[in-house]
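There are structures below to look over.
Presented sequentially are two complexes of chain A, the first with chain B as partner and the second with chain C.
Presenting the complex of A and B:
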């Protein structure tokens, strides 16, 4: 944990785009950004005029040493920070950022084991960073992504992931509404879905699960029931529902 | 109330308190003996700070409070921390 990591830096919003009706990609220019590994996050701190501060963690959507960092933020009902980041922040505005942070929910290009990524909702963000880093490094480790979303419209980064299909193919799973013509199951990921879609435990994959707390716990428990080893499952919960 | 997070979220609040990334450090729970990464612990956050509980027995492992001018770290339920010094990354399973 270096001095560089723990100090707060100013980030200036330089680009933004809607990812869905409730999520936005925001890219900040950050002077002296030291670069990040795939899967890491930053803390974002907002300070109100009266001095009140709120800090939240957001995953980086891209690893690497650019002087720009991309976050994807989903608006949480009753959220203190996310509605501001999604709806209010305008290009040129500044926030305070601390990072890159985290050393466990991280994938490094030297890793040779097969990788299974499993996302619930906006939990896909750090997994997009991992899939991008995997392609950028020309890694030969097999990688697959299983992404659970409520509806086709709530899927984030669909186009980017489509471009990564040769190196990290994505399987979308719909819990509420599926696209027209969809013939697969609709509903929460079942043990059967996970058994069918996830790299088998016999191949000793590294498994990264990110999503709301309930999703992560249900998926991790089921994977262990299906024979995956607990130590091979890395999880990141973001609260919410 | 917000549902629990996990130890990944502590990386920022404890940065600078240790000379290493504490979230990819193994700790033993003094209550039940479970050994896990700090990142795997359950974390109940805000508004007062973070209460970090064992993933298995719910014992309080750590309490982290971050304020503008100070940070407070208490480790009532940690028997030991094991720091891997071979490289910067997690040791893996």
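Presenting the complex of A and C:
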């Protein structure tokens, strides 16, 4: 990282789209954006009229060197920044952005190993960036996404992921409510679910797990029990304990 | 135009620049939480002459411990005040260590590393902590024992600590190689290199 990473840049909201009842995709034009790798995040800084500032980190939903960056933000019920980004920010409004940040939870197109992505809730955002980068690079490395969501309505980027099914097929898993006609299990991802849906350890996949702390802890522990190697599992957690 | 109101208006002199206070205890780790059996746990200090000191869990727990309640500051912008830990001061662990080297690489179970200047972990500024809020330290927070260096950003407080290796230069550890600041003072906002 460098001077370019540390600097705050102005981003102007140019596009927005509801992803669910509680999540919104927001795309900012950032004229001097240096580009990002799939899986990286940025800091977003908001400033109130009296000078008070608040900073939070959000995953990028798309990698690349476009002068635009897309974030997907889930409204936290008690949040200070997320309700503003989801409910109030209007096209033309400016925020400040710093990044790209994080160099470990990333996927690069030169990577040849099979890739298993595992998302809990809005943890899907950096994994969408990885699936998009994989398709954009015409990578021949096998890639699969297992996405755990509470209900069909809370699934983010479903249509877009459907379009990537030839290069990175997505398996949805429902923890509370499944869509009509669903015949699979409903509930937390069990060891059996993970054994069935995740690329086997014998194929030496790179595994990316992103979601709430409890989800990531449980999934990572089960994967190791199933024979995946710890140093092939990259994790990103959010929320407290 | 949408106008950001924000919430936390009271300026708190305990809050470093760019930080906000949280009541919860977020977990950030690069990989799975390792399972560590205290029967096999060890903590070591290596110097220029090789292995210098080594403690088993029972030997480590027999050392004099301190209760401390520092504020902690994560580079991802959260701070948590008055966190209650119990642990062994690095002054105690370094009491019989002879070294002319000025820097330390902390090594963790699971492979994590982070670098520190020796003088910043002595004189009552760092501990190996094994209790949080009166209970054994939870694995996801670094249990059975973690480094605790509260005056630096919290990535320096290596979870699942295994040992300290003296080094002649301040070579970067895991996050430091991924662009995080080599030193990490929250009061100077040393977040990124």
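The definition used in the following text is that the second predicted complex is superposed on the first by the 239 of 241 C-alpha atoms of A that agree within 3 Å, B and C clash if a C-alpha of one lies under 4 Å from a C-alpha of the other, contacts with A are read in each partner's own complex, and residues count from 1 in each chain.
To be clear about the criterion, a residue touches a chain if its C-beta (ideal position, glycine included) is under 8 Å from a C-beta of that chain, and two chains touch if they have at least 3 such contacts.
Just so we're clear, the structure is a prediction, and the values are computed from it rather than from any experiment.
By the touch criterion defined above, A:6 reaches both chain B and chain C.
More residues of chain A lie in touch with C than with the remaining chain of the pair chain B and chain C.
By the touch criterion defined above, A:237 reaches both chain B and chain C.
By the touch criterion defined above, A:108 reaches chain B but does not reach chain C.
Touch criterion not met for A:159: it reaches neither chain B nor chain C. In the superposition on chain A, A:48 makes contact with chain C only, while chain B stays out of contact range. Within the superposed three-chain model, A:138 lies out of touch with both chain B and chain C [touch as defined at top].
Applying the stated contact rule after C-alpha superposition, one finds that A:57 touches each of chain B and chain C.
In the superposition on chain A, the residues of chain A contacted by chain B and by chain C overlap at 1, 5-6, 43, 53, 55, 57, 101-105, 213, 231, 234-235, 237-241. Taken together, the chain C residues at the contact with chain A in this complex read 1-9, 18, 20, 22-35, 76-77, 110-111, 138, 140-141, 174-175, 177-180, 191-193. Those residues of chain B that touch chain A in the shared complex are 2-9, 11-16, 18-24, 37, 39-40, 45, 66, 68, 88-90, 93.
Note for the complex: chain A touches chain C at residues 1-2, 5-6, 43, 46-49, 52-57, 80, 84, 88-90, 92-93, 101-105, 213, 217, 220-221, 223-224, 230-231, 233-235, 237-241.
Residues of chain A touching chain B in their complex: 1, 3, 5-6, 37, 41-43, 53, 55, 57, 98-99, 101-106, 108, 212-214, 229, 231-232, 234-241.
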